[in-house]
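Each of the next two complexes has chain A plus one other chain: chain B in the first, chain C in the second.
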Partner chain A sequence: MRDKAIFTLGALGALLMAWNMHTIFVTLAGEAMQGQIGKMFFIHVPAAITAYSFYAVAVVCSIAFLFTKNFKYDSIAVSSIEVAQVFTLVNLVTGSLWGHIIWGIWWTWDLRLTSQFMCFMLYLGYLLMRPAIAEATQRATMSAILAIFAAADIPLVVMAIRLHNVRTQHPAPVLETGGVDASWWPPLLIGYVAFMLIASALVMVRLRQETVTREIDSLRRELHAI
Partner chain B sequence: MKQGLLAALFIARKDLRTEFRTKEALNASVSFALVVLLLFSFAFDLGREEFYDISGGLLWLVYVFAGALIVNRSFIREVPNDCLDVLIASPMPAWALFLGKAIASFVLLLIVEVVSLPVYGLFNNLQWVHAFWPLFGVMILATWGITITGVAFSAVTVNVKLRELMLPVLHYPLLIPLLIGAMQVSTALIKGEASDIGQELRIVIVFDLIFTSLALYLIEFILVG
Partner chain C sequence: MDAINQTFLFYGYSAAWIIVFGFILILVRRGQRIDHELMRLKSLMEEKEK
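Entry: the complex of A and B
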């Protein structure tokens, strides 16, 4: 049943993405000033929003684990963070490629790039710490604490960088200010849905891995006890 | 609450007394701060005026690197002979144990900072005396943020393999907003341009408030489970 759900989500996401890419690159006109490279927007932005969605899921599950001690929440949290990290990396890499073509530089320490990189680093610490804790309950508890600390830190990072760095290399917000052409909204939203479907499938695959790992651990402990 | 605070002060006094007898962490931390200052002298060859622009930034880099040696030890020193288990099993609330250790680490780190500041000024020909008291105020606020989060992570990493590597990897990214605020305020104070530092100071204070509350609330989960 779960395998079917994973396959369905993944296949649906992939098909939607393929169809969306076709629409974006064949039907849609290029951006007024950037041309075709401006369409990197349709991967860059949905990747970021997908990542934030799964970071939020991870934080909620981390809080739920601390109060319920139910390991399924820990499994969902780590799976969500791993997948969110991948999408954050996609966001950073596509942004970097786009920046190199448009600005001639791979990177700049402006607000958005820096805060996105900081988010990546905070949760990278989470993933680095997990294998270093042998005991399962401790690992889950410490991971939950770290996820909560990281989530509390991110708004402060944004506030601090905004004060520190007046560099505004990254394009000004367009989604909130209506700077996006009306014809770009449907592919953008479909792209987000496609990414969410693919990410959900990946989270479910990772979740299954975590469940199996826990079962193996408990069998190993039973064997040692006997 | 009152008993908890008394217990916290007792723990702080115990840790400070232990440290002042051996001065292991203090000596190592001050020495490390001097080494970092030495390395900066090779890394940068700036004119005097240019150096003032980065003075606060470098100062806080020295403090945060030296501080790692202090906060690292706060819970790890209790691991031998199961002292940590005894402390956790005692009637003292977990938050009191944590607060006591944070206070002790805070005092120790503040000592390191106050000792390093004149050396930093000397090596770099920096005029800082005119701004000492406001600078000391910023040091108190930012050092509290460093120690409260550092001691919390010290508790988290007490049973982690490679804990000496893990603590900086986990701790430093978290400190970025605090350090940005502290660096900017310190630079402005040293340069004598402190008229517009309200927002940066606010970030430091908000960081302290948020993470003190979070750490005091979550320490029960960290220590007891």
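Entry: the complex of A and C
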């Protein structure tokens, strides 16, 4: 049943993304000022929003773990963070390639880019810290605290281009200010839905692995006790 | 200029899919490793119980 759900989500996401890429590359005209490279928007922005959606899931589950001590929440949190990291990396790489053409530089340490990079590094720290703590409850508790702490960076990423007293290299917000042409909204939203479907399938696969890993740990303890 | 734009757009989309498929590959290999380990421990458990 779960395998079917994973396959359905993944296949639906892949099909939707293939159809969307056809629209982006064949039907849609390039951006007025930037030309074709402006279409990086359709992968850069949905990747970021997908990542934040799963970081949010991880934070909610981390809080739930701290209250209930139920390891199911810890498993969902780590699975969500691992998948969110993939989409954060997609966001960083596509942004860098876009910046190379539009700005003439691969990277700059402005508030938006730095805070996004910090977000990636903080959650990378989360993933690297976990194997270093042997005791399961301690590992899950420390992980939950770090996941919540790291999420404090996300409002900074979002607000970095909205603060009046901060100058950034990154473009000003366009989603809520009417800066996106009406013809660009459907591929943007479809891109987000497709990424969410693919990411959900990946989280479910990762979650299954986390469950098996816990089973392995308990079997090892039993074998050690015999 | 538009040719360079097109090339870098292609690089961007390629990089995105390479990252996603790379992660899928990591998941598959990790899955195989832990399934194998689970089977090994289960058979070891059966042996010890006999």
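Please note the rule applied: the second predicted complex is superposed on the first by the 211 of 226 C-alpha atoms of A that agree within 3 Å, B and C clash if a C-alpha of one lies under 4 Å from a C-alpha of the other, contacts with A are read in each partner's own complex, and residues count from 1 in each chain.
One rule holds in what follows: a contact is a pair of C-beta atoms (placed from the backbone, for glycine too) under 8 Å apart; a residue touches a chain by one contact, two chains touch by 3 or more.
No experiment lies behind these values; they were computed from the predicted model shown.
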Which of chain B and chain C A:R206 touches, first, second, both or neither: second
Figure out whether A:L66 sits in contact with chain B (first) or chain C (second), or with both, or with neither. first
- request: Mind working out whether A:L28 is in touch with chain B, chain C, both or neither, as first, second, both or neither?
  value: neither
Does chain B (first) or chain C (second) touch A:M118, or do both, or does neither? first
One more residue to check, A:M129. First (chain B), second (chain C), both or neither? first
Query: For A:L156, is the partner it touches chain B (first), chain C (second), both, or none of the two (neither)?
result: first
Would you sort A:M142 into first (chain B), second (chain C), both or neither based on which partner it touches?
first
If you stack the two complexes on chain A, which partner ends up touching A:E215: first (chain B), second (chain C), both, or neither? second
Chain A contact set shared between chain B and chain C covers none
Listed in rising order, the residues of chain A that touch chain C in the complex are 21, 30, 34-37, 39-40, 43-44, 47, 83, 86, 89-90, 93-94, 97-98, 100-101, 198, 202, 205-206, 208-209, 212-213, 215-216, 219-220, 222-223, 226
Residue positions on chain B within touch of chain A in the complex are 149, 152, 156-157, 159-163, 166, 169-170, 173-174, 176-178, 180-181, 184, 199-200, 203, 206-207, 210-211, 214, 218, 221-222, 225
Chain B partner, complex, touching residues on chain A are 66, 118, 121-122, 125, 128-129, 132-135, 137-138, 141-142, 144-146, 148-150, 152-153, 156-157, 159-161, 163-164
Listed in rising order, chain C residues that touch chain A in their complex are 1-2, 4-6, 8-9, 11-13, 15-16, 19-20, 23-24, 27, 30-31, 34-35, 37-38, 41-42, 44-45, 48
